[in-house]
Structures are given as structure tokens and as C-alpha cells.
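The two complexes that follow have subunit A in common; it is paired with subunit B in the first and with subunit C in the second.
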Partner chain A sequence: MHGSLTAVATLAWRNLWRNHRRTLIMLMAIAIGVWAMIFMSALMRGMTDQMVRNGLHTLPGEVQIHHREYRSDPSVVNSMEPPSGALLQALEGPPIAAWSSRVRVPAVIASERSTRGVTLLGVDPAAEGPLGSLPDEIIQGRFLKDADDRGVVIGASLARRLETRLGKRVVIMSQDPDNNVADRGTRVVGIYRARLSGTEDRFVYAGRTVIQGMLRIDNLVSEVALTADDYRHVSAWYPRIEAAAGDELEVMPWTELDTFLGTMLGVQDGFALIFMVVVFLALSFGLVNTLVMAVFERVREIGLMQALGMRPGLIMAQILLESLYLLCLGLLLGNVLALVTIKPLEAGIDISSVAQGMEMMGMGATLYPVLSVWDMGMSTAVVVILGLLASLTPAWRAARLDPVAALNET
Partner chain B sequence: MTWLLAWRNLWRHTRRTWLTVGAMVFCNVLLVFLISLQLGSYQMMIDGSLSAFTGHIQIQQEGYLDGQRMRQSVPDAADLASQVRTLLGVETVAARAEAFALASSEERSFGILLTGVQPGYEPGVSTFPGLLKEGRYLQGADAREIIIGSVLAANLKLALGDELTFLGSGRDGSFAAAVVVVVGIVDSGITELDRNVAQVPLGWFQQVFAMGDHGHSVVIRVPNLEQVDAAVADLDALLPTLQADQQQLRVLDWDALQPGLRQAITSDMTSAWFMYAILIVLVAFSVLNTQLMSVLERTREFGVMLALGMSPARLARLVAMETLLMSGLGLALGVLLGALLTVYLSYAGFSYPGMDEMAARFNMSALMYPQVSPLSLLWGPLTVFCGALLAAVYPALRLLRLQPVAAMRAA
Partner chain C sequence: MSSISCKDLCKTFRQGEEVITGLDHVCLDIEEGAFVCLSGPSGSGKTTLLNAMGGLDTPDSGEIIVGEQRVDQLDKAELADMRLHHIGFVFQAYNLIPVLSARENVEFVMQVQGVPARQRRQQAQQVLNEVGLTGLESRLPAEMSGGQQQRVAVARAIANQPALVLADEPTANLDTRSAAHLMDLFVTLNRERGITFVISTHDVRVMAYARRLISMRDGMIVGDEHQEPRVMAVE
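After this line comes the complex of A and B, so read on.
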């Protein structure tokens, strides 16, 4: 049995190269198909990864804790006590990599020339740093020193619109819990640049303690943001935080906080698979065609083998093996091709010509393709499994040939 | 005669021919479907994004688009709007003014973008007035009233008839404060939009924010996208004839107003073309393989034909004809099936999971309707057709080098 299988394997391999032109053409087609599968997935994965990262950066955090009413009514009224007791303990332990509590309220900022609506963030710079939620780049001045810093840091685009600049006075206005106007004059101590200009217009950073004083809310905060540096597996750990937070607070993972981002991840995985299957289907016609022809040319030969006592199972195995060799060679070539083309691109593809369009989708001006083992494995699985399925019919037909009729065929 | 021969040759291997035609049909149907869907969704993206608020064209002072400063205003805005109406012969032209202000209700305060609109003309350029959930739209140019989005209403804890106080600064930098009554609440179903709608009558806006007769933009909506360019040209010609203080005005089309829109379309097209190109190349390989096989297996036969005096060029033509017939079959079947599918979907609509989240970004509905047009039906299949013909060049060329004697001896 073992011996006959080895013989069949050798036969299949030799048969493959009997018509080397046909085999080479098919091999090229498979390689291009596989390359396209992996290349497209790498681009899409790069896009979604970046979208999600940018999203988590502005959210910020992978999980946020709020007062139950805060998300529908983001007012200072719906503030919460800073974490303490069991919640604090949960936040300090693994897998939480960083967390920060912040005041986040709608506000108005006015310069001498203009007025804009913004989101005012009262932050503690020391805690925000590890969370990765600080502005990307300070282009002028400095960021806040600590939670007691009395200045504000605004975005470059907002500074332009307000016609203000570093060192100038601005007034920030919001409301206190009793709906009295709470305002304070302050100085612009820093100007930041963000990857998305929408962010620059929207967020104004100030010291947390100073904002708490201005809003007259003692030590209350609006949200607690936390991260474990692994956004794909948030659901594994956030229920524990939810339990520790108690019923008063709402604990939400990013997939629910930003449903657009949440669905994008699923859509991307789904779309990559659909693309692979579609490319494979386009390939499969050629593959089946090649096998049908290979069987057709060898009808007499197969009949002879059967007449000499080779069992139908082995004939089928031989055709399937031939197909498998072809697929595996194609896969190998395609994967190598993908590796060679994607690696140099990983430093980033400049897509600034469509940057504003990408910004609508939450992306920056550079696309970083991500070559993942998962995508390579997925395309391999799709090609091998569907490829063998497609080869079943020709192989089955070959195995069922009537030896006498086959031998008489001209 | 040769055509008949080519047709018969095609069916010597029924299964092989059908498999190759099948590859073409599969690819064609897919291309027809995807391209129609793409063109349909772009149309919806543009319409959805522009109809909400932006309009097709705006006249603004130079620099207002980037700076949005109060002082960068359009003098005599209402009058300019009526001039534009006469010039273009359309009613859908409205003047607007905008200012950021702190809005306070009994319980809440928010910074919002307040828009002064012409109640009589605004419904022509924007879909918001038509999305009223409660109350009525603004009446009268100077009335002390406001319509707001449903999310903003919820956040400010406002109901119809409640009062809202504004604090802001006027065009001259003066302190601007006023009280308005909520007369209508708009609900578009898209949170981001419903949080940002706050419209008051233009006349009242001009009084409160010390604007005089100024506005910030004149918004123009033309009956369809194709007319935008002509309208822009007309408006550009109008500008130099205006008064001296209106000389700084600029005409901006939708592409300038929302540059992200066209770029989102471009980037989407690029990734789609990549996919189409791959499909077409794979089908071309399939055809190449089939035709090469059919030439190789007939080497002896061709040798005989050559020996009998048929010219190599004619043989090559025969193979080209076979490919032509086969691709023609793929083209016809592909377009037919593709058209059936898309025409059906253009009535029934099409959706995939996660679509609604994407669609909301462009103010679109979650159901997409493919656009059926000669372009969307024929573009893809014709490219496949050409690709297939190109693929047959190599097998046909081989025939030109065929030596009769050697060919007849071939195994």
C-alpha cells in the first residue's frame, strides 16, 4: 500500500510536467491569484489597523468608564467619582497597561477675534502619556506640565480659525452642575498637530485640577479610559472591570463606543475572505479545465492502468495529487511574490493625494500595509481546500472510466 | 466558410469550451454587478453628502472656507442670492450666515454652530427643513425663533416652545446675546448631523451678530450634477459686475467645498480597479491556456492543412476567430446575466453587513441601488473581451512558425 502511494506520488509529479507549457501557465495564474489575495488583504488590514488605531487614539483607550447618563448627555452634570476601592484595584492590576481619568465637557473657546465650539479635556499629562492619548506632535510651545497647569494647548487648525497664537489669551466657557456659566481666561501654552485635522479643531487640552476648579466639581471626572495594548481581544478582560465598577457606572469596549470602528474590523475580515474566494473562483475555471484536459489526453493510459489492476481509488488519488502539486507550487510562488512586494512597502505608501477622502474614513495620509501570517494562512487554506474540491469531479470521472472502453478510445 | 470551421472547432471539446466561457461569464457578471454598484454608490454618496447642507455651489469670500472667520463675509447676501436666482433661472439659491455661540437652556450649555438662513429659500437647498419631526419650519426673516436637531434638543433638554439663550461675539467683535424660542425639531437619523443643526432666520441673525446686510455664503443647488460646471462659469462671469465691496467673492463648486468626497471616491476606485485587473488577468490566463492547448493538440492537423496549401496567416486567423467566437459568447452571456442581476437589484436594493455604519458617514441609506447604464453594463465585459483576444495572440503566433513536415510528424 505504502509502495503504491509512493509510486502514485511520483507518477502525479511526472504527469504534471508532461505538458510543461500548460502547467507553467496555470502555475502563473495561481501565483498571481494568490499574490493578489495576500496583497489586497495586506492593504486592507493596514487600512483598518490604522483606522482603529486612530480611533482608539481619539476615543481614547480600549475601554471607557462613564456615568450611566454621560454618553447620551455628555454634560458636567453626569460626572463620576474618580476610581477607588475595587475598581481602582482592578485598574492597577494586569492586563491593564495604562489608565487615566479625565474631565471631558463641551465648551466654547473665544479669542479676541473669533469663537468656536470645542470639546474641553481636563487631563493629567502623567497618566495620559502611557495611554497614548496625548497629541501626536507639539509644534509650538510645550504640552501641559501637570494636572495643575493653568494654560491650554490647542490644535494648529483651531489656532488658525481663532486667529490666535502661542502666548495669547483665550477664554474658555462651559457650565457648572447648576448651569451657571463657568469661564476662565487663560493662555495658549502649546499648539499641537494631529493626524486628522478634525481632531485639531475639536480638542482643547487643559490641566485636570484647573478645569475641575473652574467647573466647581471638586475631584469628579467625566470618563476613565484604559488600555491593555491589545485591541483585538478586549472582550476577554473588560467584563472583569465591569464587575469591579458596579452598577452605577457604564463600562464599554471600543467596539461599542465607536460602532463604526467596531463593524469596520468585522467588515474587513469578511471582505478579505470574500475577495479570496472570488479570486479563487476565477482561478478554478482554469484549474478544472487543466485537469479535465489532463484526464482527457490520458484516457487510454488510465484505462491501461486499470486493466493492469490499479484500483480506482489510486487513480483518483493520482489526479488529486497532481492538482495538489500544482496548487502548492502556485501557493509557494504567490506567497514569495507577496513577501517580496509587500516588505518594501511596509515603510508606508504615500496616499496624501486622497488624504481628505481617507480622513472621512478616519485614516491618515500614509498607508502602511500589514503582512499578516493569518492572511497568508487564510489564502493558503482557501486555495488548497477549494482547489481540491474543484478537482474532485475530473478525478472522479477518471476513476470511473471503463477500462475496456477507455482502451478502445482512439 | 472559415467562420463555420472556427465554430465547429470550438465545440470539439465541449467541456473545455464551456469552462473557459464559464470563466468569462463569471468574471463578466461580477464586473457588471460591482461596477454598477460602485457607480450607484458614488452617485448616492455625492447626493447624500451635498443635499444635507452643502449644496452644489457656494459663493463665499475668499478664505472663508479655511478660516471661517466672522469678518470674511458676503456683503448684501440676500440681494446677491436673488441676482443669482435670476441669472441661473433656478429658485434653489439661499443666503446663509454662520457663527459659533454658547447656547444655554434651563439646564445645559453647549457651544454650537448657529446658522442664519432664509426661511423661504432654505428648503430648496437643504434637506433638513423637510426632516422636521416636531413643530414647524422657520417663518419670517426677523422672527425670534430657532429649529434644532433632535440630538442637540436632547442634550440641551429642550422641547418645543422652550427658550434658548445665546452668548457669542458679533462681526465687529461686540458682545452678542439673545433669546430664541424653539419652534421645530429636525431628525435626520444621523447623530452627527442632528447634533449640529441650529438654524435661525437670517434677518434676526444679522441683527444679533451685528452683520448688517452681510451673510457668509450663498448656497446654490442645481437640478443635477452635470449642470454644476456651466453654473460655475456663469457665476464667475457675474462676479466682476458686482459692487466694489463684493469683489473679493469666490465661486466654489462641491469639489472645493468638500474635497474629501471626490478623494474618498478616487481611493475607493483605485482599490476596486486593482481587484478588477486581477480578475481580468486571471480570465485572460484561462483563455491563453485553452487556446494554447487547442493549438498544440492540433499540430498534426494544422500540418496537413499547411501541406494542402493553406497559408499560415489563414491558420492564425482561424485560431483568432475561434477566440473571437468564444469571447463573444462569454461577452453576450455575461452582459445578459449581469444585466438581469443588476436590474433586479436596482429595484430591490442591495446591502451587506456593516454597510449602514459606512453609509451614515455620507448621509446615505443602508440600501444601495446599483446604477444600470450602458457604461456600467459594458465596460467590464468589453475589457474582459479585449483581454481574451490579447491572450490568444501567443497561440496564434506559434502557428506562423509551423513547418508542415515537422508538424505532421509531431506526436
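After this line comes the complex of A and C, so read on.
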């Protein structure tokens, strides 16, 4: 069997190069098809990645811990104790890269001229920094110094809407646990810019201790946000945090906190697969045509091999091997082409001309293509599996040739 | 394995509306080590009979026994195995694999048989020497003359040491000198190795080498005579 396969493999390889031009054209077609599959997937993955990261930035964190009622009623009544004991131990150990506890309540902010509904975040800047949940850029003033900072930091868009500016006084209002109005006048100490203007309108940052005092909740917090090394692997570690948190608290990964965001990865993979299959279907016509021509041109030779005692299965294997060689070479070229063209673009593609439209999808003005081994693997699998399936018909026809008729073919 | 027995073989072909008789109740016994020529005009059924004996074509009725095996009852894979291990074929149009060198063409059948590389190479070189192609082992078919190509085809047919060689008009595309050399080679192989040869031809010069001459017409055997070969192999 080994000898037969070696003979067939040698024949398949040499036959592939009998018609150089045809083989090279088909190789180029496969390579460009594979490149297109990987390139488009890299762009789509870049978009998805950015949407998810922006979403996680807004959430923030890959996992959040809340009071069990907080998600249905995110008021100060449903606050929780800050982490301690087993939960604190779990949060301080690997793979947790950073965590922060914060107060997060719905509030109203009023300037001299306007009033807006916002989400008030009482944060500890030292803990929020590693979590990556601080504003992208402070364009005026400064960010909060610590949890006791008495100022507020608002977004540039919100500042415009409130018709206020750096150094001006604003009033923030919310409710304390007894449903009384809790408010305090404060000064705008910083104005931030975010990737999404919606974020600038929504979030107002203040010192955690100051907000806890305003709301009269001692050291209670609304949520604990935590992050590890890669948002894709969250399901591997969050059950440990869940176990440490106990039944009193609700521990949820980002995929459940924001179900739209959570389905993005699956949708992206699905779209990529569909795109790959569509591209390959177009390619498969060329591939099948190449193989049909190759069989058609070698009918006599196939008849001869049958006459010499080659079993139909080996004839079929020879044609399939020819196809496999062609596909593998095309894949190699396509992957190299993708690597060479995508790597330099990973620094970012400026899409500011369509930034407003992209922002609606949760993206910024720069697109960062992501070259993924998974996409390369998926395109390889699609090309090899579908390619061999498409090659089955010509291979089957070759194996079914009648040796006498084939030998008499002129 | 080398004795052939055909009983009441019939085979018809359809060509449009017309039914052509390929074999018409052919009965024939060929003994082991024979050197037989099938003669007759084109369309007389020589090739059809050879193809049936070699398991390339199946008769409509009748039975063929090659050695101990009922060839007409074997399936495709079994027929392929029988051809691979027991029968050598030489065709009119050389029929070499164009992408393989002379040696690789000879080795091909042995490779499919699973003969180890070293033994294969030795055997291929030996038969190539035997057919007078020493020094041309690395040439591709396109780089050889018709006579040389036919010798490669013969070398391939005998390399796996078959008991039976079926040759269909092997000299049809060769000049007189190359044809004589080829027939000399057949006679020598028949005499020295005891290989049974069944050769279809309508060339009287080829018939002169045969010890038994079977004449066919319209799918029937119309003559079967034993003769003293009028031409002997050149030593």
C-alpha cells in the first residue's frame, strides 16, 4: 500500500506541472481567494475586536460582581459590601490582572443652563487605571487624584450640552437608600474625550469616597469590575470567582452583561465562515474545471494505468492528490500574502472619513485589522475540505473509466 | 497460471443502431509456455479476444480461465490485481506514462505491487539491460524513438515476471528493423523464461515467429495451426 501511494504521489506531483500555465493560473486564483478570505476576516475581526473592547471599556471589565437585585434595579439600595475574605483572595490571585470596586448610580447633573441624566461613577483612580476603564484622554484640566477627590470629570460632549466648562460649578443629584434626594455642588476639574461621543454624554466621574458620603452608604459599592488577560477566555476562569463570591452576589461575564456584545464573536465567526465558503464556491468552479481538463487530457493514460493493474481507488487517489497539492500550494501562497499585507496594517487603518457611521457600531476612527491564526486555520480547513469534495466528481469519473474505451481514446 | 482456456465466448458491441459481433462462440485452449499469434484483418476480433483474456473487457457469455482463475467472474478490483500480478501488456501505441523516465515506467508496476525500492531498481535495470536500453534509463518517453519506447513497454510488461504477456499489434508502429528486434526479444523471453506470449497481429513477418497461428474473422476462429517458426531469435 505504501509503495502504491508513493507511486501515485509522484505521478500526481509531476502531472500537476504538465500544464504549467494552467496550474499557475489556478494557483494564483486559490492564493488570491485565500488571501481575500483571511484579509476580510482580519478586517471583520478587527472591527469586532474594537467593538467588544469599546464595549468592555464602557461596561467596564470582563466580569462584574453585583448585589443580586442590582441589575434589575441599579439604585443605591442594591449596593454590596466591598470584597473581603475568599472573594478578595480570589481577586488578588491569577489570572485576574486588575479589579476595582465602584459606586455606579443613575444621577442628574445640572449646570447653570441645562440639566442632563447621567450615570455617576464613584471611582478610585488608582484601581481603575489598570482596569482600563478611565477616560481615553483628558483634554482639559486633570483626572481625579484619588477616591477622596471632591471634583468631577465630565465628557466633552456633555460639557457642550450643559454649556459649562472647566472650573465651573455643577450640581449632581441622586437618591440615598431612604429615597431622599442626595445632592452636592462640585466643580468640573477635568473634561475627557472618549472614542464614542455617547460615552462622553453618559459617564460622570467623581471620587468614590465622596460619592459614598453623598449617598450615605458608608463603604458600600455598586459593583466590582475585574479583568484578566484576554476577554475571549473569560468562561475559563469566572466560575472560580463565582464560587468565591457565594450566593449573595451575582457574578456575570461580559457575554451575559451585554448579550449583544456577547454574540458578536459568534456572529463574526459565522460571517467569516460564510464569506470563506462563498469565496471558495467561486474558486471551486476553476478547480473542478482544471481537474476535469486534466482527466480529459489523460484518458488514455488512466486507461493504461488501469490495464497495468492499478485499482480504481488508486486512480481516484491520484486525482485527489493532484487537487490537494494544488490547494496546499495555493494555501501557502495565500497565507504568506495575507501575512505580508496584514501585518503592516495592524498599526491601524484611518477610517475617519466614515467614523460617524462606524461609531454607531461602537467603533472608533481607526480600524485595527487582526490577523488571527484561527482565521488562517478556518480558511485552510474550508479550502481543503471543500476543495477535496469538489474534486471528488472528476476523481470518481477518472476511476470509473472503462480501460478498453480509455485506451482507444484518440 | 499461464494456460488459457476460452469456452464459447461471445461479445457484441453497439455502434448506434448497428450491433457488431466482436466474438462469436470462440473456443480456444492455449498451453503454458506457448508462443501464439492471433491473426486476421481489422475487426476480426483479435483485440477483443486479447482484452477478454487479460480481464480488460468482459464477455457477454462464455467462460475464460487463465491458470486457475475464472476471469469472467472476477470483479473490477480482482481483475486489476490479476493484471498487476500475473499479466504483462504490450500495446500498439507504446503507452508509456509520459512524466516518468524509462526506468520509472518499468518500476511503476512493481511500485504499485509494493516491491521494495532497492529490489525494484535492480529488477528494472536488469530488464532494461535485457531489452537493450542500457544507458537510456533516465530518458523520458518523448526523448526516445518508437522502437526504444516499445522496448520500455516490453521491459515494463516483463519486469514483474508475469507468466503471460498479451501483446496487441506490438510492431504496428515500428520500422522493420525495430520490429525484428522486438520479436527476437519476445522469442528469447519465451524460450528462456517460459513466458506464454499471445500476440495479435496482421503482419506476416510477426506471424513467422509463432509456433501456433490462430486465424480469426468476424469474431470467429477460422484457422488454428501449429507451425515450425520460420524466423528464430537472433542470439
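The rule is short, and it goes like this: the second predicted complex is superposed on the first by the 403 of 410 C-alpha atoms of A that agree within 3 Å, B and C clash if a C-alpha of one lies under 4 Å from a C-alpha of the other, contacts with A are read in each partner's own complex, and residues count from 1 in each chain.
Note that a contact is a pair of C-beta atoms (placed from the backbone, for glycine too) under 8 Å apart; a residue touches a chain by one contact, two chains touch by 3 or more.
If you're wondering where the values come from, they're calculated on a predicted model, not measured in any experiment.
Comparing subunit C and subunit B on the residues of subunit A they touch gives the larger count to B. When the shared chain is aligned, subunit B comes close enough to touch A:Arg21, but subunit C does not. By the document's definition of touching, of the two partners only subunit C reaches A:Pro403; subunit B does not.
Touch criterion met: A:Phe285 reaches subunit B, while subunit C stays clear of it. Contacts of A:Asn179 after superposition on the shared chain: subunit B is touched, whereas subunit C is not. When both complexes are overlaid on chain A, the residue A:Gln140 reaches neither subunit B nor subunit C.
Applying the stated contact rule after C-alpha superposition, one finds that A:Thr209 touches neither subunit B nor subunit C.
Using the contact criterion defined above for the overlaid structures, shared-chain residue A:Thr259 touches subunit B, although it does not reach subunit C. Once the two complexes are laid over each other on the shared chain, residue contacts for A:Thr366 go to neither subunit B nor subunit C. Taken together, the two complexes place no residue of subunit A in contact with both subunit B and subunit C. Subunit C meets subunit A in the complex at residues 51, 54, 56-57, 76-77, 80-85, 87, 89, 91, 95, 97-100, 104, 108-116, 156.
Interface residues of subunit A, counted against subunit C in their complex, comprise 1-4, 6-7, 10-11, 14-15, 18, 300-301, 304-314, 403-404, 407.
Contacts from subunit A toward subunit B in the complex involve residues 19, 21-22, 25-26, 28-29, 32-33, 36, 40, 43, 72-75, 77, 106-110, 112-118, 160-161, 163, 173-175, 179, 181, 259-260, 263-264, 266-267, 270, 275, 278-279, 281-283, 285-286, 288-290, 292-293, 296-297, 351, 353-361. Contacts from subunit B toward subunit A in the complex involve residues 13, 15-16, 19-20, 22-23, 26-27, 30, 66-71, 99-102, 104-113, 154-155, 157, 167-169, 173, 259-267, 270-271, 274-275, 278-279, 281-283, 285-286, 288-290, 292-293, 296-297, 352-354, 357-358, 360-362.
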